[in-house]
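Note that chain A is present in both complexes that follow, paired respectively with chain B and with chain C.
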Partner chain A sequence: MTGVRKLSRAEATAYGFLTVTLVFCLLPFVWVVLASVDPNAALFLSLPKAITADHFVKIFTAENGGRWFFNSLVTVGATTALVIIVGGMGGYALSRTNAWWKRPFLYAIILVRVLPPTALIVPLYKVMLISNGVMDALVRSIVPPDSIRSAMQIFGFVDGYLGLILVLSAMQLPLALWIIKTFFDLTPKDYEEAALMDGANVFQRIRRILVPLALPGLGAAGLLTFIGAWGDFLMPLTFISSSNLQLLPIGLFRAFQRANTIDYGYLSALALLYMLPAVVAFGLARRFLVQTFAGGIKG
Partner chain B sequence: MALTYETRVAWQNRMLLVPALVLLACFILIPAGAAIYISFTNEALSGLAAAHPQLVGLKNYVRLFSDDGFWNSLVVTAFFVFGSSIVGQFVLGLASAMALSRPIAFRPVFNAAILLPNAVPEVVAGFIWISMLAGGKYSTVSRIVALVGIPPQNWLGSLPLLMIIVVNTWRGIAFAMILMTSGLSAVPTEVYEAARMDGATPHQIFWRITLPLLRPTIFLYMLVSTAGTIAIFGLIYTLTRGGPGGATEIIGIYIYNQSFTAYQLGYGSAVAVIMLGVSVAIGTVYVRVLKVQV
Partner chain C sequence: MATISIENVRKNYGAVEVIKGVSFEVADGQFAVLVGPSGCGKSTLLRIIAGLESVTAGDIKLDGKRINDVPPDRRGIAMVFQSYALYPHMTVAENIGFSLDLKKVPKAKIRKEVGQVAELLQLSELLDRRPAALSGGQRQRVAIGRAIIKKPRVILFDEPLSNLDASLRVQMRAELQRLHQELHPTIVYVTHDQVEAMTMADTIVVLNQGNVAQWAHPIELYRHPKSVFVATFIGSPRMNLIKGVVTSQDVTSSFTATEGWTVPLAGKDLAATETSVWLGIRPEDIRLVDANSAADLSGKVTIVERLGAETYVNVVKGTETLLVRVRGDIALRSGDTVQLVLDRASFHFFDQADRVFPA
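Here is the complex of A and B:
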């Protein structure tokens, strides 16, 4: 027969291996997708007899899911913005400087990146407690007594958003600095110098030249920061306790721990909603992924 | 005072780095230093020592050596790192990279499927794997292995360490695959053609050409992946919290449990200092051996 090429043994092996791997990778997701539309969802895989959107509706109407989602968006969004700004400034300086501290600084970034957050969590907790005390005194001296509590939920370091945002930012910053620095290394100095000659001041140079040039680098750093902070479990677990401040990962985790009253359909819908932004960001960031761990290796 | 242009730029660069430095100092460097200090005290979250922590010298470190929980966590961590990142992710990641380097139909589909587990947050990964593993004969894994006659069981109870290795392998194939793909693409195709001309078998090509040429990439992968695997927390915490009976208590989970469940901050910090030391050692090897370009 013409037109049909017989698979070589190597090709057949490749297809076989890839198919098994594909099943291994996707099988766990089958349950969460089916359960999220199954009115009688249980912990175990089964084909739904009917299909419903109730679980998704419930996230935003009846239960806390919508609130957790919103809280996560706010804190992770703020973290991403902060890292882009701070990392953009620092990455630019690291790229342009030739000072003696450049090399030690960059090596230090690599070392800081490998420090496991779990090993830092205890002293970090103390730093946060002390900062929280200072902030509490500050807030008390400015804000009227009846709104201290709500102000501390925003500006507090323990059980408050500001502290969580700063910690998440610090954790994501080394990678962002590295990516943005590498990116600025590839952008020519000529444009800046031309603008300088034409009499543009610092702010004009940043707004008109640097930011447009650096946009892909800042975007990559922003995406990876978002993915890292969105998926982080340890920091919200340790530093957020009020239920109205809770983030999605912890809300999901706690709801799943309530052994007897688990609504699997609802939690599956929530888990899908939670993973969606991360998967989208991951898809967009894919071509930058080699950089994230190859950090600095040529090629 | 008139500053020269160079001095002004130099100061500008320093100023631009200040916010980044402040963040890193407050939330990473100072805590790392404080961990070392706290590890020499008897600090606790509750009780007498909570009010007046005192320096106790090397007592916490001495205690480490005779603490079964600590040794257990080291052994569990070693198995976990070896099983999931050195063996599981690496073998499957390299095989996937090699299979996908061929002109294969549906390549984007295979690629996306392998990347997906890496893209989902740890809690979601834990959540969906509990459905795969928990619940005896109704769990998905039990139903699959029943086809080959293996009796159903509560997998996270009977084989906990193996199960977290499987789950972490599942999550990290993509990580290895991406790096190996970039390593493979750096190997010139002429090398393979020449080998084939000389009549080398696929087996010989793999062991004599592919693997040796990939060695720097593999080494890089081993370092980064080991450092990353040691630091895993959320995935195991959502699956088992380190249980049953410490069977999956890798060192990060052990620190967390000692500090926030047993309230022994000083002792927990001593374990943390060991962990920091190991990580810094890995990072130093990375910087030195690979001669990172800056």
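Here is the complex of A and C:
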């Protein structure tokens, strides 16, 4: 016996405990994956006797899953883009300014994250409802009567893409501002000044110098925004009522709620579909997280 | 190529005045060094010339034309930053060619000019590397390349050698001088290191607390410092300063140190002073002599620093310590008593108001 060291009793106990914990934590994931392809999926864990894609097919044919997925991607994608742009500019400004209100402002915006969103849902809904009225009047004055409804589904503040995008962005922006501001704090002003001496105007400095330098920070903020908004349940539940604007988490929840027929295979397939983009986003942007929280600019 | 004139420049940050009315001129093709201790305003002054900072009062002129309101990139001035500020996401070639790329110069022409600059700076092998993969000296050369490719009229250097180790610094000093001789740009170079100033400059501006302490040729500065500050700042090791008074009897005047010893000032006919003054003398202007020879004073050796070619000896007389430069192989030990002769011709006198006298 070379290379293998005998474990002490304490170590063996520790590893045993860890293994049990690991299995316990992994089981739900295993169940979701197995059940999603099992024609006879049930609430208990079992190896499928046959493998089927029926549950996935059902999502896109019998149910409106494709539409939910699309709605989720559009709103969360737009939220992420908006947060990266606004957070990028705001984070830069907050990093470079020495204004007296800088600290109070930074702590004030973090409050948005601290307060439980559910507690604010009533006043928030009221604000959105008033805004929606204004937007409705505006849309009516521009758009022909027969397309008002479809226009409001895009630009409405209640039961419309725009409202949900703005609410999700507002919730994710504080953290993004902090991350990007901190990243710019670690980015010397010399780069911008060197670019200024090289003859770069303000747009060239942003596009050719600042954005590439800040990419890890922007990427990390974007990833956390995407994951945060993708996982949000309360806002789409509160602000979306039309079935064709439904988001994936709400679709999943409603399927679970159906009283008489719980189709575990279908539910698992939907859950798997819901997890996928978050995992993909994490895989793509993981290195930005590492660069942002373990380094800053090198070179 | 251009002449820079700084005229009565002042700079305030809030209530704090960091530049207090500075004037000097750098002639076309000259290598000027701004030198001074930390916080003397030298870097601020450089940034003002670059256009990265505005002035509170006064004028910056380039060839007689006021450029206070000309944006940095239109001044025809390039700058090498202390941190080098190489763009980390670009290759060496892209870093050097960035200013041309911004001007929409055709790619082929950029490549050619980058190639020429790279050759001049021995960077040809490194053009595809990123700054992170370069050594300190190589980064320094890329930063210089980025400046000279613009064919600027003036190049500004902000403590460019401070991040390099000692041997590389000596090498880069020589390289900078070679570049200056080949390209003849007007250079303004900021450093706190008086050795860099002495070795490279055509003209040195010594700054102290936001004022010009003295502005002169290096050797002039060394030989005729106009204040205690310049006398002690320029020259390494620093000049000895001895407190005392000048006395006058008949036609001969002499200097009497507070510690009690006296040197006659043959040939220097000074009026007697009532208040105490400073006698400045550089370590190389003091000699050791045998015990039987006539000496100006004697003292006790406390520290012997052997540098090889030369040795610096600390000699204590009362409460004063004199630094003396002697030859490298001298047999001396701490505790020895030595006889010193001071070279009268190399005396510098400074009065209480920090002025040189006789003026």
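We adopt the following convention: the second predicted complex is superposed on the first by the 271 of 299 C-alpha atoms of A that agree within 3 Å, B and C clash if a C-alpha of one lies under 4 Å from a C-alpha of the other, contacts with A are read in each partner's own complex, and residues count from 1 in each chain.
Here, a residue touches a chain if its C-beta (ideal position, glycine included) is under 8 Å from a C-beta of that chain, and two chains touch if they have at least 3 such contacts.
Model, not experiment: these values are computed from the prediction.
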| item | value |
| --- | --- |
| Side-by-side fit of chain B and chain C on chain A, or clash | fit |
| Touching partner for A:Pro116 - first (chain B), second (chain C), both, neither | first |
| Which superposed partner A:Asp198 touches (first chain B, second chain C, both, neither) | second |
| Partner chain(s) touched by A:Leu245 [first = chain B, second = chain C, both, neither] | neither |
| Chain B versus chain C as contact partner of A:Leu124, first or second or both or neither | first |
| Contacts of A:Ala214 with chain B and chain C, given as first, second, both or neither | neither |
| First (chain B), second (chain C), both or neither touched by A:Phe29 | first |
| Which superposed partner A:Asp190 touches (first chain B, second chain C, both, neither) | second |
| Chain B versus chain C as contact partner of A:Met235, first or second or both or neither | neither |
| If touched residues of chain A are counted for chain B and for chain C, the larger one | B |
| Lowest inter-chain C-alpha distance for chain C and chain B in the superposed arrangement, angstrom | 7 |
| Contact residues common to both interfaces of chain A (with chain B and with chain C) | 297-299 |
| Parts of chain B lying in touch with chain A, wherever the complex brings them together | 9-10, 12-14, 16-17, 19-21, 23-24, 26-35, 38, 92, 95-96, 98-100, 102, 104, 109-110, 113-132, 134-135, 138-140, 143, 170, 173, 175, 178-179, 182, 186, 202, 220, 224, 227-228, 230-231, 233-234, 237-238, 251-253, 255-256, 259-260, 265, 268-269, 272-273, 275-276, 279-280, 282-284, 286-287, 290, 292-294 |
| Residue ranges of chain A touching chain B (in the complex, touch as defined) | 10-11, 13-15, 17-18, 21-22, 24-29, 31-32, 35, 43-45, 85-87, 89-90, 92-94, 96-97, 99, 102-103, 105-107, 110-124, 126-127, 131, 166-167, 169-171, 173-174, 177, 202, 227, 230-234, 237-238, 249, 252-253, 256, 267, 271, 274-275, 278-279, 282-283, 286, 289-290, 293-299 |
| In the complex with chain C, residue positions of chain A that touch it | 188, 190-191, 193-200, 204, 208-209, 212-213, 215, 297-299 |
| Contacting residues of chain C [partner chain A, same complex] | 50, 52, 72-73, 77-79, 81-83, 85-89, 98-99, 102-103, 130-132, 146, 150 |
